[in-house]
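Input: structures, listed below.
Each of the next two complexes has chain A plus one other chain: chain B in the first, chain C in the second.
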Partner chain A sequence: MLLKIKNITLSFAKGKDSFKILNGLNLDVPKGKITALIGGNGAGKTTLFNIISGFQKDFSGEISYCHCGLDPQPPLRLENLRADKISRLGIGRLFQSKGLLPHLTLLDNMKLCSNDTSGEFPFAYLFRNKKLLAIENEKEMKAKNILTQLFGENNKYLGMLNAMGCDFSYGEQRLLSLAGLFMGNYDLLLLDEPTAGVNPVYIENIKDIIRKMVAAGKTVLLIEHNMLFVKDLADIVAYMDDGQIKFTGTPNEIINNQEVKNSYLGIE
Partner chain B sequence: MFLQFIINGIITGVLYSLSAIGFALVYNTTRIFHIAVAALYVAGAYIFYFAFHTLEFPLWAAGILALLFTAILSILTEISVYRPLYRKKSSLNTAMIASIGIMTILINGIALLFGNETKVLDNSIQQVFTFGEIIVTLPQMGQAIIGIILIAALFAFLGFSNFGLEVRALCNDAALFEISGFNVKTTRLIVFALSGVFLAAGSCLTAYDIGMDPHIGMPVLINAMVAMIIGGTGRIRACIVGGLLLGILQALVVFQFSANWQNAITFLVLLLFLFFKPQGIFGSKKRLV
Partner chain C sequence: MEYILHIVIMLNIYILLVLSANLPVGLANLLSICQAAFYGIGAYFSAYFLLQWNLPFVVVALIVMCLTGLCSLVVSFASVKLKGDYFVLATLAFQMIVFTILYNWTEVTRGPYGISGIPSVKLFGIISLSGIYGYFALTTVLSLIVILLFGNLKKSPFGRVLTAIRSDELTVLSIGRNPARFKNYAFFISAAFSGLAGLLYASYISYIDPTSFTLDESIFILTALFIGGIGNIKGPVFGALVVVVLPEILRFVGLPDAMAANLRQIIYGLILVLLMYFKPQGLMGELKIKN
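Presenting the complex of A and B:
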C-alpha cells in the first residue's frame, strides 16, 4: 500500500455543538492504481484530502506513507508534517476550487509545480548561477514537452506560455493544473473533483491525462461525483458516508450496491 | 526654479518609493495592511540616531546597524503577532488591528526612551553641489544615490532569483504555494526582513537630512500607501513609479501653491485613482468573478 489511513477522527466545534466530520475513517490506497472516493456533499472527502496533504491538523489517527524510492524505506507518518514537506515527499494535489496562480504566467505556474527547490535560498543565484540557469532551462523544456504530450504538437498552450493564469478559462486552468502535476516528482496525486465545471471535451482530455499519470507510475486518489467518469477510470471505489468509508470495491460493485444506490445515486 | 522643484520632487519620490516598497512587500505577499510600518520606520531612524550620536559609530556603520535592527524588529512582528494570527486563520482585519497595536506600543516606547522633541543628527551647514541653476545638498545626493542602488539591488534580487518568483506565487495563493513544496513561513520571514531594510533605509536617509521625532511614521505610511495604490498593488515596480509621481506632484504643489496643500493633493490624487483607475498605473483589467 502506498498510503494507509487508520482511524482518522476529526470534530469541528466543541461541547454540545460538536459534530464529527470524520469518524474513525480507514482507507488503503494501493500503489499504481486509481482509487476514487465518492460520497454525498459534506461526507468529509475534501477534509480527508486536507488532512493527507497537511492543511488540516487537530485530528486523531494515523496516516502512513510508503515513501517510494530505490531503497525500501519504512513508512513515514504524515500527521505532524507541514503541507510543503508532504508535497516534497511526493504527494501532489489538485484543489477543487483553485486553478492556476492567477498573476503568474503559465510557464511560471508549471515551473513552480516542479516541487524542485533549487535556488530557493534567496542568494543562491549569486553563487551557483550557471547551474541554476541550466535547471531553469530544463524546467522550461519539460513544461513544453508535457504540454506537447498532453495536447498535441503545436497546441495553443505552447504559444501561451507567457499568458497569465487568470487569462485562461476555469476549465483550461483545471487542465493545465493537472498538466502541472506532471512537472513534479510526485508518486501520489490527490485530485479533488477534476471534472467539476469542465465541458465534456475537456473531461475526455482529463481522463487521458489521468491514465497517462498512472502509466507513468503514479498513484491517483480522486474525489469525483461524475459516476460515468469514475466507472471508466477507477480501479477501486470507496464510498464515504457519515465520516467513514462504508464500502470499498470495484466501480461496478459499488454502483450496484443497494445502499449506495439509495442514499447517494438516488436510484430505487 | 521649476527644474529645482522637479529634482527635489524626484529625490523625495525616491524616499517615498523606499517606504512604499517596505509597505508593499508585506502587503502584496500577505495582504496584511501593515500599519506597523509607521513604527518600524521611526524605530529605524532612532536606532540610526542612537548608534551615531550616543554610541558614536561612523555614519555608515550606524546606517547598517539601523537596517539590521529594523529587519530584526520587522521579523519579530511577524513571529510574535502576525504568524500566530495566520496560524489561527484570523481575518486580515484582525491582523490590521494587531498592527495598529504594534505601532502604538512601539511609537510610545520610542517616545518614552528618547522623548517627543525633534532630534537632529547633523546640524552643521551641508555641502552643496551646483549643476547650473540646480542645487543639490549632500544629504539629498546620498538619498538619491543610496535609494537608487537599493531599489536596483531589490530588482536584481527579485528578478533574477527563484525567490522573486516564490514571493509572487505566495502573493497569489498561499495554499497553492505550499502544495508546490514551498515553505510559507520562511518566505514570509524573508519578506518581512526585506521590508524592514527598506523602511530603515528610507527613514535613515530622511532623518539624516531633516531630523526625526517619534511621530514621523504616520505621514510616511500614508504616502507609501498612496504611492503603492496609484502605482498599482501587486507590483513592486509600481511603488517606484507611484513614489516618484507623488514626490514630483507634492514638489509642484509647493512650487505653485504652498506646502500646506501637500496632504490635500495627496489624498485628492488617491481619490481620483480609486475612482477612475483603481487598479493603478501598472494594473490591468482582469476577470471580475
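Presenting the complex of A and C:
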C-alpha cells in the first residue's frame, strides 16, 4: 500500500452546531493503481484530499505514506506535516475547478511545477547565471517533451508556450494542469474531478493522460462523478457516504451494488 | 537647471521607493502601508553611520540595507499569521510604531528637531560626493541599476514564484513551495531598497526629521504605485514620474497667487482620481488591482 488512511474523523463547526464530515474513515491506496473515490455532493471527498495533502488540519486519525520504493523503510506519518512538505514527499494534486495560474505563461506554469527549486532564491541568477540558465533550459525541454508526449508532435500548445494561463479555455487549462503534474516527480497524484466541465473529446484526452501517469509508475487517487469514466479507468472504486468508505470494489461490483444504486446513482 | 536636477534626484529616490513597494504589494499581493517606515529607518541608520563613521558609500549602503532588511522581519512574521485586512492593519501598526519611536526617542533620534548636518556620502572612501550634480549622477546610476535588477528579479524563477503567490497561494503550497518564505524574501528586499532610498535622501538633503516618514508618505508611495500600475517594472517607474513631476508642472500653470497652493492640491487630487477612474489597472500596469 502506498497510502494508508486510518480512522479519520473531522467536524466542522457551523454556527453553534458542529457537523461530522468524516467519521472514522479508512482507505488504502495501492501502489501503481488507479483508485476512484465516488460519493454524493458534500460527502467530504475534497475534504479528504485536503487532509491528505496537508491543507486541512485539526482532524483525528492517521495517514501513513510509504514512499520507500524497494528498500523497506517505516512509512511516514503525514498528519503533522505542512502542505508544501507533503508535496515535496511526492504527493501532487489537481484541485477541484482550478486552472492554470492566470498571470504566468504556459511555460512558466509548467516550469513552476518542477520539483527543482534551484534559482528561486532572490538574485540567485546574479551569482550563478550559467548553471541557472542550464537548469531553466532543462525545465523547458522537459515541459516540451511532456506536451509532445501527451498531445502529439507539433500540437498547438507547443506554439502557445508564451501565452498567459488565463488565455486558455477552462478545459484546456485542466488538461495543461494535468500535464504540469508530470513536471514534478510525484509518486502519488490526487486528482479532484479531472473531467468536470470538460467536453467529451477532452475527456478521452484526460483518460489517456491518466493512463500515461500510471504507465510512468505513478499511483492515482481520483475523485469523479462521471461513472462511465470511472468504469473505464479505475482499478478500484471506493464509495463514500456518511463520512466513511461504505464499499470498495471493482467498478462493476460498485455499479451493481444495491445501496450505491439507490443512494448515489439514483437507479432502482 | 538646479531646480530640474533636484526634481530628477527626488524622482530617482521615488523610483527606488515605488519599485520596492511593488515587490510585496504588486508581486506578492501583500498590501503594505509601512513602506515609509522602512524609508525612515534607512534614513536614520544612514544619518548615524554617516555622522559617526567615515565609511565609503558602498559599505554604508550595504550596512543600512541589511539593517533595514532585518527590521522587515517584524512585518514578515506578521504576514505568516495574518491574512488580508489583518495584515494591512499589522503594517499600519508597524508604521505608527516606527514613527512614534523616531518622534519620541529624543536621546537617539533628536525627535521632532530632526538630525541636521548629515555629511555627503563618500564614493570609494575618499571623494566626497558633494553638490547637486554629484547626487544627480549617483541617484540616476543607482535607479537605473535598481530598474535592471528588479526587472531581472521579476523574470527570474523567484519572480515566477511571487507572481504565482499573488494568484493562488494554495497552488504554490501544493507544488512544494512555502509562500511564507518567499514573502519574507520579498519584504526583506523591499525594505532593504527602501532603506537605500533613505540613505540617498538623508545624505542629499543633509537633514531628516520624522515628518518625512509618516503614514502619509507610505500612502503617497502606494498612490504612485497604483497610478503607474502594479506587477511590472514600467508601471512603478511611470507612477513615480507622475507623482513627482505632476505637482511641479502645476506650479507653472498660471494660478492666482492667493489660492494657488490650495488649487494645486485640488487639481492634483482630481487628476489622481480621474486616472484611477479611467485606468483602474494603472497607466502601465500588468494587471487589475484586485482585493
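We take it that the second predicted complex is superposed on the first by the 259 of 268 C-alpha atoms of A that agree within 3 Å, B and C clash if a C-alpha of one lies under 4 Å from a C-alpha of the other, contacts with A are read in each partner's own complex, and residues count from 1 in each chain.
In this text, a residue touches a chain if its C-beta (ideal position, glycine included) is under 8 Å from a C-beta of that chain, and two chains touch if they have at least 3 such contacts.
As the structure is a prediction and not an experimental result, all values here were calculated from the model.
Chemist: Here chain A is shared; do chain B and chain C fit on it together or clash?
Modeler: On the superposed model, which is not a single observed complex, chain B and chain C clash.
Chemist: Touch test for A:C113: chain B only (first), chain C only (second), both, or neither?
Modeler: both
Chemist: Answer with first, second, both or neither: which of chain B and chain C does A:S53 touch in the superposed model?
Modeler: both
Chemist: Of the partners chain B and chain C, which touch A:R82 in the superposed model: first, second, both, neither?
Modeler: both
Chemist: On the A-aligned overlay, A:K98 touches which partner chain: chain B = first, chain C = second, or both, or neither?
Modeler: After superposing on A, A:K98 lies in contact with both chain B and chain C.
Chemist: Show me the chain A residues, by the header's touch rule, that chain B contacts in one structure and chain C contacts in the other.
Modeler: 53-55, 82-84, 87-88, 92-93, 95, 98, 101-104, 108, 111-113, 115, 117-125, 132, 184
Chemist: Which residues of chain A touch chain B once you look at their complex with the stated criterion?
Modeler: Within the complex, chain A touches chain B at residues 53-55, 82-84, 87-88, 92-93, 95, 98, 101-104, 108, 111-113, 115-125, 132, 165-166, 184.
Chemist: Under the stated contact criterion, what part of chain A meets chain C in this complex?
Modeler: Interface residues on chain A, with respect to chain C: 53-55, 82-85, 87-88, 92-93, 95, 98, 101-104, 108, 111-113, 115, 117-126, 132, 136, 184.
Chemist: Mind listing the chain C positions that touch chain A in their complex?
Modeler: 149, 152-153, 156-158, 160-161, 163-164, 166-168, 170-178, 182, 185-186, 189, 231, 286-287
Chemist: For the complex, give me every residue of chain B touching chain A.
Modeler: Residue list for chain B touching chain A: 157, 160-163, 165-166, 168-169, 171-173, 175-184, 190, 234, 286-287.
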